[in-house]
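Okay, got some structures for you below.
Common to both upcoming complexes is chain A, partnered first by chain B, then by chain C.
Our next item is the complex of A and B:
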């Protein structure tokens, strides 16, 4: 092919060359067309995702304060060594697992129940309840934090007031400065916001289930619970696994704002997570290398989790094709 | 490259076209690269030029009132409601008077968490003056390019300006003999007292508790009689903790600043006392904001904090119908307490001779007589030009009307500097120290083990 083309094109003076060249350029254009369509997406991803990602890998082996005029200095694996000797980072790993596991009921169990219950309601009530569940999702984390801080205030808060009035506690509790409560409150607030998002996702997934399955099952004498277990759950399985993936991968990100606003990771690191520590290393200690090393570890561990969930999805998700 | 291109021309014309194309692109790239190199060398040269200018220490550029020089001032006081108005007045008055006359415009940037200036420096923005806390000054000096006053401002002008400022205060921003920060907003810890709760508990707010034992007794009495918390000191406060340790004969950092030294028996005993208050209901739980809010709401008998809260506390007292009293930092037994300073220094990083001149004008104004008068009367910090407190044209009337300032001025005579953690890891060290104190006070963990572990961890981070 190349030989014949070479021969055709070689005598550049012949009149047929132009036609061949046009054909060739059309062919080339056709071949490049898909790439042209992909170009904007690839360019954006490269600029905003892959370049910073690769740069993070590079920085993980450097020492750098990010100050203009200074250059990163290669330090090998020093950042990783410091990371594993850093007590607050070690503590943050345990908390990250706590938030990840603790968020699962708020991202899967409760929303699925709410979605199923509201699904059987008449249109107006259904929309009303779903809107109620979704409202927390659209509230700004700063306002949400301020409201929860007032509610849980040790001396002026409504929660303490009611608990003391009901004789459930003797002394008011300072929830955000108590190591036993701080991370539970962060989890509760994040979960409260998460429920709205997940409920909408499950509700959308429910509407795509064919009603005939339920009719057939009910004619065969299956009750609501059996219908839920044998029809709803299997047909919701792709959404369950999707939400499971979202919840696990983003739990650290979603808790970040409340940690920053309400506890700043304290008391003594009891409510921090890996995300918050990465932020602290980079923008409080100005140690881009240490932060990048933590980010690299985070990327590898959560990348493996994502791959595992992908395999689970292929094995267990049931698609009603 | 050229011979191989010529060779390919003779073999296959498509390769020829391709190669010629590549060559053309390469030529263009080479041109571009040359242009880039030329530009970058120009940038480099100009950078060298500006660097050499600013390195030409103590030379101030010429300011032009017709074409004012803009400088940025990052301030955490601008972000807090109790301090914002005073700080805005300070900046506005400068811009309207000296700034207008000399040709300087100061733009205030609110920086509540003291992270914004770091992020902006990292992003290449112009950050000229920062209201900087003491404990991490060394780290900023090393990593953020803050400059020593002696290196950039004319010696005679600097010496002249520093006259009248408390010598103790001047020492606080010095590292390795050079002043990297000039004390700006400054206070010592004070016990704010709610007179109404004191009286309801049968205590006399005019004769406040002096020792920690008396604090405990008064706190429990207030709680028993009024049902409200008697005393509050946030375990995560950081700086007042240091005063507690020093008051009992301990120290936080060794004298040579080469090792942490808060694991001694004296330090442990001080923290143990605080733990006792906390676990026996004599110290209210809560974060710094929560305790401040509790005190302002009239629900806390005594609250130890900086005088920066004075204006807010006074307004709250007036609004709530109670009288605000004060006391010095409590002492252990008969030994007078050793307070440390809170507040900030002004750290500077002008990048040209003109900017240096503009920054110098701003520094002179805000740390001059008028500046400190505004800072004290409108915000609540101490006048570091202590003579102002006796000056009828300065703050004499103000101090007489607000006797809490006398307590603070008295404490200035025995003040010790807050620990400036050394090296790049200063922020991490400060965090480990604070976390260890919080854990020692709040949890059931052994104080000695917790402090010793933290001390070893910090010593492992020393430069």
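Our next item is the complex of A and C:
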């Protein structure tokens, strides 16, 4: 475009060529402008996200201890083979599914009920409740873990004290060193932290529902439960699918800090998840290859899941236009 | 639907109050334990009979808490500022112009949702180490200097900015740079502030990366210092709860003052 302009105008205006050229260079600059504005973000993303991601994919086929002065050695698919013979890794997949499914009531079911229950209250009490539910969300995982560790302390914790007092248990339980309890406690704490956030998200989605639907439904004699099933749930479906996607993609990251703080994955790997295993492969066993192989594998797995959920959302989410 | 019996309403509020207690009781127990003396800490009294501050003084002698709080603020503010700066520029470019490769840029941005930090931690760790930034605050900040979440959030808010205003400013001869700094930013202040608060809280609560980089308490944010303390001293529950209380206070204060805005910003932008 600019090239042809140059040819047609420049010869006829002998004195004006400089102006035209300057204008053209300005025009060229204009074309670069968007890239200039994007440069800092894209450069930093390349350095801190995409370069490391590609490097991790490369490391998946190498053996390396990360010790300075040593370099990675190509080992083909060995790391993947080791991965599938690694018992703690296989166990961690089961736990990851446990956490992901276990978090759904906390990120969808309970918050949806809470949002509906508080929706029609006067705004003062509504805001009070929601603000209270939200407090756990803003607290740091380390602080939260320290507090719960104290509450669940085997000999002096309040939870054991109360349960013994109420004759629900005979002996105090060592929650974090009992394979049957450890992952349930971690699930509970992660869920406790999530409820407030999801409640607020569902509340926001609810306020956009047109009240007339409910008036029409109650004139037709539908009770509040039927209104919930036939009006609220379908109209909340985009939010439900959004929270479902978030839960599936991120639950392993949400539980990470609590696993590290409370059980370090134990006892006997009963509370670990895939991301925690990746961390341990890398920074306890100093096996960068194994960690990277797991990273590559789950990048593909979660990518496929996200793609699937995206398709589900397009097909089933009901939008009120 | 709008006429409920008092009993129903009572039951409803009762249930909600119970849930509120569940949500905040752990915090109360933390405060309560932090004020109990050595003989009382292992009892289940709901109030400390004789509140003492010895736990706090002990915690302050064991950890450089003031230094760590400063580190936390420094790291969180640097992360927030860098993220806001990079995302303001990027979001502006995406809203303002049509250009070749825009689709690729969006793909690059959206795909980062699928990259958990655990899958990029090794190369980043190696790089920070090579740069000599291990155990420094800058080393903690750098990988978080850009946030695609912030870019896409701002992009969405900028999109609703009236295009007529931009055109008018252009006709008045405003440069592209001043359209961003003198027109768009002043008029979307509250959105940017909400996003900033959200990014600040996220930065404050960041876990895995600061844990890998911070080796000594003097270079650790509060959270990581607290983690070192928790893992070293297992029976000083009073002072541990005192230190935890201190670590929660700044965020709780911010929440108390900006509650509305914080809740709104989470609703508006979600989480990452």
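Throughout what follows, the second predicted complex is superposed on the first by the 271 of 321 C-alpha atoms of A that agree within 3 Å, B and C clash if a C-alpha of one lies under 4 Å from a C-alpha of the other, contacts with A are read in each partner's own complex, and residues count from 1 in each chain.
Everything below uses one rule, namely that a contact is a pair of C-beta atoms (placed from the backbone, for glycine too) under 8 Å apart; a residue touches a chain by one contact, two chains touch by 3 or more.
Source: prediction; values computed, not measured.
Visitor: Quick check for you: in the superposed arrangement, does A:291 touch first (chain B), second (chain C), both or neither?
Guide: Touch partner of A:291: chain C, not chain B.
Visitor: With both complexes overlaid on chain A, does A:156 touch chain B (first), chain C (second), both or neither?
Guide: Both chain B and chain C are touched by A:156.
Visitor: State whether A:75 touches chain B only (first), chain C only (second), both chains, or neither.
Guide: neither
Visitor: Report for A:233: first if it touches chain B alone, second if chain C alone, otherwise both or neither.
Guide: Neither: A:233 stays clear of chain B and chain C.
Visitor: Name the contact category of A:275: first (chain B only), second (chain C only), both, or neither.
Guide: Second partner only, chain C.
Visitor: More chain A residues touched by chain B or by chain C?
Guide: C
Visitor: With both complexes overlaid on chain A, does A:309 touch chain B (first), chain C (second), both or neither?
Guide: Neither: A:309 stays clear of chain B and chain C.
Visitor: Going by the contact rule set out at the top, does A:66 touch chain B (first), chain C (second), both, or neither?
Guide: In the superposition, A:66 contacts both chain B and chain C.
Visitor: If we overlay the two complexes on their shared chain A, which of chain B and chain C does A:104 touch? Say first, second, both or neither.
Guide: neither
Visitor: Looking at A:283, would you say it contacts chain B, chain C, both, or neither? Reply first, second, both or neither.
Guide: In the superposed model, A:283 contacts both chain B and chain C.
Visitor: Output the chain A positions appearing in both contact lists, the one against chain B and the one against chain C.
Guide: Chain A residues touching both partners: 66, 68, 153, 156, 283.
Visitor: Mind pulling up the chain A residues that touch chain C in the complex?
Guide: Against chain C, the touching part of chain A is residues 31, 33-38, 40-42, 44-45, 47-53, 55-56, 59, 66, 68, 114, 117-118, 120, 125, 129-151, 153, 156, 158, 161-162, 192, 195-197, 200-201, 203-204, 214, 218, 224, 227, 246, 249, 252-253, 256-257, 260-261, 275, 278-279, 282-283, 288, 291-292, 295-296, 298-299, 302-303, 306.
Visitor: Could you list, by residue number, the parts of chain A that touch chain B in their complex?
Guide: Residue positions touching the partner: 5-6, 9-10, 12, 65-70, 85-88, 153-156, 171, 173-174, 176-179, 263, 266-269, 283-287.
Visitor: Any idea which chain B residues touch chain A in the complex?
Guide: Per the touch definition, chain B meets chain A at residues 12-14, 115, 118-119, 121-122, 124, 139, 143-145, 228-229, 234-236, 281, 284-287, 290, 293-294, 297, 299-300, 424-425, 427-428, 431-432, 435-436, 438-439, 442-443, 457, 460.
Visitor: Under the touch definition given earlier, write down the residues of chain C that touch chain A in their complex.
Guide: Per the stated touch rule, the residues are 1-2, 12-13, 15-16, 19-20, 22-24, 26-27, 29-30, 33, 41-42, 44, 85-87, 89-90, 92-94, 96-97, 99, 102, 105, 108-109, 112-127, 129, 142-146, 148, 151, 176, 201, 204-205, 207-208, 211-212, 222-224, 226-227, 230, 237, 240-241, 244, 247-248, 251-252, 255, 259, 262-263, 266-267, 270-271.
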